[in-house]
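This structure is in structure tokens; I'll ask about it shortly.
Chain IDs A, B, C, D, E and F follow the sequence of writing; residue 1 opens each chain.
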Amino acid sequence: MVRRALFIGRFQPPHKGHLEVFKGILKEADELIVGIGSAQESHTLENPFTAGERMLMLGRALAEEGIETSRVHIVPIPDVNNNALWVSHVLSYSPPFSVVYTGNPLVRRLFREAGYEVRTFPLYNRKDYMGTKIRERMVRGKKWEHLVPPAVVKVVEEIDGVGRMRDLSQSDRLLGPRKTGT
Amino acid sequence: MVRRALFIGRFQPPHKGHLEVFKGILKEADELIVGIGSAQESHTLENPFTAGERMLMLGRALAEEGIETSRVHIVPIPDVNNNALWVSHVLSYSPPFSVVYTGNPLVRRLFREAGYEVRTFPLYNRKDYMGTKIRERMVRGKKWEHLVPPAVVKVVEEIDGVGRMRDLSQSDRLLGPRKTGT
Amino acid sequence: MVRRALFIGRFQPPHKGHLEVFKGILKEADELIVGIGSAQESHTLENPFTAGERMLMLGRALAEEGIETSRVHIVPIPDVNNNALWVSHVLSYSPPFSVVYTGNPLVRRLFREAGYEVRTFPLYNRKDYMGTKIRERMVRGKKWEHLVPPAVVKVVEEIDGVGRMRDLSQSDRLLGPRKTGT
Amino acid sequence: MVRRALFIGRFQPPHKGHLEVFKGILKEADELIVGIGSAQESHTLENPFTAGERMLMLGRALAEEGIETSRVHIVPIPDVNNNALWVSHVLSYSPPFSVVYTGNPLVRRLFREAGYEVRTFPLYNRKDYMGTKIRERMVRGKKWEHLVPPAVVKVVEEIDGVGRMRDLSQSDRLLGPRKTGT
Amino acid sequence: MVRRALFIGRFQPPHKGHLEVFKGILKEADELIVGIGSAQESHTLENPFTAGERMLMLGRALAEEGIETSRVHIVPIPDVNNNALWVSHVLSYSPPFSVVYTGNPLVRRLFREAGYEVRTFPLYNRKDYMGTKIRERMVRGKKWEHLVPPAVVKVVEEIDGVGRMRDLSQSDRLLGPRKTGT
Amino acid sequence: MVRRALFIGRFQPPHKGHLEVFKGILKEADELIVGIGSAQESHTLENPFTAGERMLMLGRALAEEGIETSRVHIVPIPDVNNNALWVSHVLSYSPPFSVVYTGNPLVRRLFREAGYEVRTFPLYNRKDYMGTKIRERMVRGKKWEHLVPPAVVKVVEEIDGVGRMRDLSQSDRLLGPRKTGT
């Protein structure tokens, strides 16, 4: 039987650490499901890119790296805002899987309470590759391109991702378009 | 006519202070409606327990204390996220009542604008019994059992509530399962 | 260990058939959880009564019948509008249970897919006691009081339930307050 | 004190009957609040026009008719899908009012349960002016322009409203864009 | 530049007609985006399969047919229940595209109002391949396997899809798990 | 053709700076659409007033200032909580417009990505007129009346707005009625 593994991230943006994790998981499982969390979010400093943009970045980065796309499923997963429903929600959006890889204690807890096998991947270099760091570098005009796969650099350029982030950074941290007034 | 009083809390978890309030209200009213607020929340540091778990804790604690269960209605109330609708929302979930007990100024304001009698209960010892303090003690491995009724201790043990809270506390404060990636 | 059974209905309104089911279940289980489905609905022909009104009807009918209220949990459950999430949703609102009683094939299917024991109660007299029939009788001015417990008759009278239903029946079947125009 | 009256419709589209009602109400009240119900709906056969389009139609028709715009408030009101919350919802979107005009029994019931004065306007000629009839005429290529104010005809033309409705009518009645597949 | 085409369906289940359409589009475009509409729906007669199950069926059927998976993006798209927002919603979930293929007049209208090129694919044999027909055949025990790709037959068997549909068909058409009562 | 300009704020409350902006825009455009953002919010320190109250304040202040009400459309706009949908959402609630005035970088970004002309109004004296400052002054019992139009002072008095804000300020900043317990 096909052994599928789930890994969920927000991929804002996908970075080299993610690719290492993907390759590691594909050594242990037949197929990998990459869940794009907070799929409905975009155009915020925390979540600058749409689900479609993130899907494009991931797809191209996987191809560039020579990972067989037929072994990977990319699945956008919108938030459900209710922890008690979250595992069922993920199950309904994803092809069936038998193991979950995560470093997040809450994700681990929820899947374990639901009876799933949860593995923690040997830690990739969190310090260098954190999405938060990359987004900060984009906003501050620092070098960020070396931290992500070349394919991601290209998509970010095509959609003027850095320009978008700088515009977002000028807004008050708490202001959204729905909180525009003075 | 039956005089019913409403008291709303989140009961994360129910503590001895709550029981004192319940007994006080039942001296002044025929029946007590215990509203479990934020019913849809669970598995966060602020709201670790599900509505069903809280209902079980309350029911057993009331029985243990010898309070007549026929005089108490326990009603889970999900959030409505809109203050202008909140009073109507509570009214639709609850048996009819004629008086509200609360120490919360916003709750007092909203029910008063809606024409309800609102009473503030003589303050029980807030400092010792605050839910926040109890949850912190659970996470930090301090003694918390003396602050809640024995029945609550038992339910927390049955559902490994302290283990759940410690797992949650390892997650970044702002991360939910839907904000899992890096 | 306590053996709890779940039974979910909309109870628009509770009728004598429901009471028979409750008594039957309480012979087989220690405690009964009565889930009030579609809790957020009210003031429609299909769902005329609020969750709070239904909770009051159920509570009084149980007391009147001499059923120990300490063995029964009444839990309003709002709709989640997503079948894949429904079982998790019910689990989070309800005290833990180990068996589900239902005559509804979808409810049976969903709980069975989730690994629960599901039992079908020996059919009470559906023809006479269907909620739909009772609501139709209320609207058409026919006798309905003999089909429900006396306590329910009393609550319906207190809230002018029949008057409400007749008003609702004058609206176009598809019109809600939000579909008011011409 | 200013006496304001509320009238809620969907105005799909506004027609001559509505204008008669507005003029009638303005003889009895100082100001009129015109609530545009189901504001979030558009591009369906039942609700072809957006709230913004309907607001434009109403504003121009009122001006054309010589009604003082300073005496009229046009307020889009999205659905709340919960009858128990509907009155509070309308109250929060609308300037304060003391009387409600409606022919809809459910609207009448809900506002009366909330303690409001509700009046039924002497029936304008429903048969000729029903919104449903006008929409059917648009779809079937029949004459409809005589049933609505000239300003409405002009807006419908500007936005190709009839073309939109004919396109919608070719879709299966139950299909929305979200139900597109076969 | 890469020319991407969007096709949206519900794929309940994917059938041979869909594959013909996919192959036709891939002759005219570089890449195909297959949007799975009503992604959040499952376990109803109209939408029996989860988004994850449908994604699995599509992925395997494409592979079986020898279509290069690197040229196809499969994107689950939950409903947004608001036609005015639907195009923006699809855009945010999908990689960028420049042309939309659809036979649905509403989808065509909405994308055209948004300025997109919309093409109607030469009609595949709708009569034989309609999803509705296939679901009816499943429920009634008729032969349906010849209408879908072999890979879809296999997934339906793995998840006991026919058993699920028959259970669903025993429920009253209008009953969901949230409308369970009697 | 009529040239309409959009300006969106939360107007908690409308102040003299807003009126200056309105007059400036009306020199450059034929008609002004005043969007009331976060329309569904009220009874919080950040958003104390309902959409209806804000609409009343704006309407009276415009009349008092001698601005032709026939040239101004006041449109409450509820939040959509999704930046990718926000522009479409505003478009559906508002009469058509061809230019947007804003000082908010995110609003500017979103409308520019959607192809709209966006102008930044020469900055009115932000320091004195910020809504936040006015709300703080209300809470702290400082003079605030000179910062808003006289008509706004009058409405705030009629609805006991300052009393409401002081009550709200006694609640924990993060507590809403739905977070009431201890």
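By our rule, a contact is a pair of C-beta atoms (placed from the backbone, for glycine too) under 8 Å apart; a residue touches a chain by one contact, two chains touch by 3 or more.
This one's a predicted model, so the numbers in the text were calculated from it and none came from an experiment.
Chemist: Can you list every chain that touches chain B and also touches chain C?
Modeler: Joint contacts, listed by label: A, D.
Chemist: Along the shortest chain of touching chains, how many steps lie between chain A and chain E?
Modeler: Minimum step count, chain A to chain E: 1.
Chemist: Which neighbours does chain D have in common with chain E?
Modeler: Chains in contact with chain D as well as chain E: C, F.
Chemist: Suppose each chain is reduced to the average of its Cα coordinates; what separation in Å results between chain A and chain B?
Modeler: So the centre of chain A lies 36 Å away from the centre of chain B.
Chemist: Which whole number of Å gives the spacing of the CA centres of chain B and chain D?
Modeler: Distance between chain centres, rounded to whole Å: 43 Å.
Chemist: Quick check: what residues of chain D touch more than one other chain, meaning two or more?
Modeler: Answer for chain D, listing residues that touch two or more other chains: 40, 42, 50, 80, 82, 84, 91-92.
Chemist: Is the way these chains touch best called a line, a ring, a star, complete, or other?
Modeler: Here the contact pattern is something else, fitting no line, ring, star or complete shape.
Chemist: Touching pairs of chains, all of them, please.
Modeler: A-B, A-C, A-E, A-F, B-C, B-D, B-F, C-D, C-E, D-E, D-F, E-F
Chemist: Under the definition above, what is the set of chain D residues touching chain C in their complex?
Modeler: Within the complex, chain D touches chain C at residues 8-12, 17-18, 37-38, 77, 79-84, 86, 102-110, 113, 126, 129-132.
Chemist: List the residues on chain C that touch chain D in their complex, please.
Modeler: 40-44, 50, 164, 167-168, 170-171, 175-182
Chemist: Across the complex, what residues on chain F touch chain E?
Modeler: 80, 82, 84-85, 87-89, 91-92
Chemist: Which stretch or stretches of chain A touch chain E in the complex?
Modeler: Residues of chain A touching chain E: 39-40, 42, 50-53, 55-56, 59, 63, 69-70, 73-76, 78, 91-96.
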